[in-house]
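Two complexes follow with chain A in common, the first pairing it with chain B and the second with chain C.
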Partner chain A sequence: MTAVAAKPAAGGAMNPTAMAVGVVLLIVILGICWKVSPGLGLMALIGMVVGGVLIGFGTHFVPVGGAPAAMGQAPGIATGVAMLAAGAGLAGLFGGAWAAELGPVVAVVTGAVGGGLMMAITCMMVNFIYVFGMGIPAASGKVANDPITGDSQKEFKSQGTEGHGLPFVSFVGGVIGGILAGGGGTLIYLMILDVYKATLPTMMKATEAQIMPIAISAAGIFAVGMFLVNAVLTAYNITGTIEGPHDPKFKRWPRAIVASAVASALCGLAAILIVVM
Partner chain B sequence: MESIVFGIGITALTGALATVAGAAEDTESNIGSQGDPNSQVQLAPQMGYLHRIFNKAIAGEPPAYGLWCALGAGLAWAFMAMQINAVLAIVLGCVLAVFVQGVYATTAYLGRTASLKKFGQPVFVDILKSMTTVTMAHAFVAIFCTVTLCYLMNAALGHPFPLPLLGLLWGIALGAAGSAVGNPYYGKERQYQNQKFGAGVPIAQSGNIVRYAEAGERNSLDNGFFTAKLGGPASGVCFGLIVFLELWRTIIFEKIGAGWGAIIVGVLMILVFTIIDRYIEVWARKTYGPYPAPVKEASS
Partner chain C sequence: MTVKIEVIAGGIPHPKIMVAGILASLVCLYLSYLNVVTNTEMFSFFGGLAIVAALIWGSNTIKVLCSYGIGTGVPSAGMIAFGSGVIAMLLATKFGIAAPIVALVLAAVVGLILGYLSNEVLNMKIPAMIQSLTELAVVGAFTLMGFAVLMTGGFTFATLTAGSVTFHGMSVPSYQVSFIGGCLIATAFMLGALAIQHPFNACLGPGWTQDRMLMLAAECGFLSMIVAAIMSFALIPRGAALISLVIALVGWGYTYMQYIGFSKRDAASWLDAKPIPDVEGQ
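Coming up: the complex of A and B.
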């Protein structure tokens, strides 16, 4: 079959075979980890998978309009999906890493709130510039009424566009996305840090205090890398722009969850193998 | 108590640095058309609109600034390890990072514009010479401010991440904030100044960017001059608020309730920004009102 003869693939269609292959891959990777590091390593890898899934799921909430949003042709924030999610999630990771010594729960929640705060400020400033800088009200192109406020959208959409700015539901979606991404990134960081703190002193024949700078740096770099992997995977799933949780593309999230879980497991396994092998 | 006062002082300083960094970053990216509006600059010659706008976008602002800030911070960190004074080390690191930015801008402009040869778009050497240096100057301000605030977070506030990693994190966040807030103002308000104010650009008008200034052809310095009045400062306020409030809630409230104080204050701040956002949205709907229905042309 040629590309011309092929039927156009439905963007939101689920492929059960691919999903099943993904699940099998995930089990295989977890099995390898159980074999090489059954206790701490396996628990850390499961934590990393959960963190990666949170990032992948959270990125679907972030309203991203890309280039059309920069011209007021489509609602959302005028930048890339992965870029914005990374900005929010890494701001969260910054706070979460700082609070790591206060315990995992506090650190993850701190990271989540940091990501949410970054997105709240950014979304507010986006509407500020649209309304006060360009005289354009917010309007969604995907729904007739805002699902949260009930505000009608159609009459506030300028002619020849799909909407513009950030309607309230998109703002809320952005904050939720920042919270999930910030929390997920921090969880990945904490899991890798735990493994490195436990293994590096023996491996390098040094005290825990001596290896801490290396452990923190390496865990931070791996967390940033895994963050970008998950955010970019989700960007491929979204294909371009998304308005937030009310956008039909949001329903594609199960695909991204499986992909994020497999990718996080593979990256996490690499992060673990460099210290346990 | 002294440590808290010291922390508040450093927090205020980092907030101010972040504000300057955000404003410089957005102006730099607008002069270089690095944000999403670059698509229109690239599209215009294909639609028959040849122009003298600089276009150096081969990566989004967040990864580009992540690279430059990480590079500046990494080099500064290496210089400090060589016992060079911190201020000098940061300046030297940022200067070297800006040279990389200059190389990037040059190759990006030449590559992107050369790809438009079949549409008749020339490569203007005078544009390359005059715009690249201006973007480098703005990039230096943005990178220097970001690396300095990262240094303060690490050395003065005791954040565990090493300086290069902080440079990467805050460089990406800087690019994300700057592109989110600054891009619409550059894209809609400046590139499409010939369209109606108070409405989005109709999709059919894509590529029809403004190419002429008051005298002669418009270039990217005119665009930087325009966006520096609102888009740049707004981006600066956005990034400044992010950095300042993130540090402020941690420095003051983290000691309360074993970390939960900072979390509660963070949640409250999110709620405050939610209320402000909703107020702006409702204000716009009430003040501007709905758009009039399109007038149908009478059939002859």
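Coming up: the complex of A and C.
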């Protein structure tokens, strides 16, 4: 059995009971948050859930190739979801965090642009290396024609592979994924930062200027943690590799939405409980 | 349906390593409380030993989980371990002396829910998934708490956020010179996340042996401890940081030599393997 064939085939089917349990869990967590911190905390938690869902949904667009892509046997960027998400999403998050003082809209857009830019550069350089370094053309194995350009793929696909390189639709998918994930990560960071800025001065009996390093650093590390949790859960959903928005695996996104929402709510609740308890 | 792609038996059974890992980490974390009792920071190195114990346990857990071929690569397991661990650990620091126990419980709850989400909602259907993610979250929380103890001498929220800078001979409180305020926690996060995923990632394959992987885990732990001990010079007295650094260097040297020994034992060339013999008649 080859490494490619040994990939676990986590079914594409939905599990309605588990989805219902997930939704109930989400409502319970939101309820706990409403109980401990009805105003600020609940609004922040909802923001974090939205951010987490954006990350989970965005990661589906990113063409993750994994080890087969590194050998030119599958399309996509030749690394795992965790690495790609950390690269693109955190680039966006840092960009957005830098712009945090300019207001939430500017910050989220900056984060989205940062994430998208990072993915665009990554996809560009990946194709450079594929084409000029490894000498392989870009061809999708999942569709006959590129959904955006309409270019035929079959002639360029080598026999025995699932396609190779980074077709145009995957490139566009990568940029969209970077935009969504970068924006989502920044949104989580901003929400936690708002809560901490409002509550830490009274909790630690210090001025806002004094606690800013704590607030920024704690919000940052929470955002990184939630980002990675969401990215890895999405990676589990697509069992490690996906070609982009045209891949049949993309249809599994509703599962990731539920999982990301519950996971973000859980982690966000912990972040809020630190300051309200 | 999942294919278990790598079935390697032998070695110490996983439950034994798990119990030993939990006990050793908890005991080491609590031994660092001697800092408070004796009013010094000489016992901060126990945090480093907790890191090593937790990482040894964690790398074996990753082995159990990734034997099923989860398809996402071994590093992702390390990332989710620390992503969920950091959240439980930070909340647990609010509970004072009970922090390590609370970290254990909180991380287990977070890991359990994440395990349920991946196994049922995301339909992974891997038998070891829920238990492994629960364990990994606890490992992540313990490792980060170990780093916190190593760098600051304590595991309470107050210790992790308060620091002081000496300005013209006067000690001025500053939140910026602290484990969280200085964002040393981010470095600790990455040091731990790399150290937990590396051992199995480096040792997997048909020649996998448990003692070699666990020794590499200990080596990675001590290597991270060296870096953390150097960073601890900024936050704890020089003598205490020096003790941590010396222990880390000695531990790293010993485990590294052991690991090289195991690698030579398992290496094909060292076993003096002969080339594949020619088939008769060719």
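Worth pointing out:
The criterion applied here is as follows: the second predicted complex is superposed on the first by the 267 of 277 C-alpha atoms of A that agree within 3 Å, B and C clash if a C-alpha of one lies under 4 Å from a C-alpha of the other, contacts with A are read in each partner's own complex, and residues count from 1 in each chain.
The rule we apply is simple: a residue touches a chain if its C-beta (ideal position, glycine included) is under 8 Å from a C-beta of that chain, and two chains touch if they have at least 3 such contacts.
Keep in mind that this is a model prediction, so the values were computed, not measured.
Following the overlay on chain A, a clash is recorded for the pair chain B and chain C. Of the two partner chains placed by the overlay, only chain B lies in contact with A:Phe156; chain C stays clear of it.
By the touch criterion defined above, A:Gly66 reaches both chain B and chain C.
Of the two partner chains placed by the overlay, chain B and chain C both lie in contact with A:Met83. In the superposition on chain A, contact is made by A:Gly22 with chain C only, not with chain B.
In the superposition on chain A, A:Tyr130 makes contact with chain B only, while chain C stays out of contact range.
By the touch criterion defined above, A:Gly95 lies against chain B but remains apart from chain C after alignment on the C-alpha atoms of chain A.
Taking chain A as the reference, the larger set of touched residues comes from B, when chain B and chain C are compared. When both complexes are overlaid on chain A, the residue A:Val229 reaches chain C alone and has no touch with chain B. Of the two partner chains placed by superposition, chain B and chain C are both touched by A:Ser217.
In the superposed pair of complexes, A:Val113 makes contact with chain B only, with no contact to chain C. Note on the chain A alignment: of 1-9, 19-27 or 109-117, the part of chain B that runs into chain C is 109-117. 66-67, 80, 83, 86, 213, 217, 220-221, 224 are the residues of chain A that lie in the contact sets of both chain B and chain C, per the superposition on chain A. Chain B contributes residues 35-37, 39-40, 60-63, 159-162, 165-166, 168-170, 172-173, 175-177, 179-189, 191-192, 196-206, 230-231, 234-235, 237-238, 241-242, 245-246, 249-250, 254, 258-260, 262-263, 266-267, 269-270, 273-274, 276-278, 280-281, 283-285, 288, 290-291, 294 to its touches with chain A in the complex.
By the touch criterion stated above, chain A contacts chain C in their complex at residues 1, 6-15, 17-19, 21-22, 25, 66-67, 80-83, 86, 204, 206, 210-211, 213-214, 217-218, 220-222, 224-229, 231-233, 235-237, 239-241, 255-256, 258-259, 262-263, 266-267, 270-271, 273-274, 277. Across the interface of their complex, chain B is touched by residues 66-73, 77-80, 83-84, 86-88, 90-91, 93-95, 97-100, 102-103, 106-107, 109-110, 113-114, 116-118, 120-138, 149, 151, 155-168, 171-172, 175, 212-213, 216-217, 220-221, 224 of chain A.
Across the interface of their complex, chain A is touched by residues 1-3, 5, 68-73, 75-77, 79-80, 82-88, 90-91, 94, 106, 110, 113-114, 116-118, 120-126, 157, 161, 175-176, 178, 180-183, 185-186, 189 of chain C.
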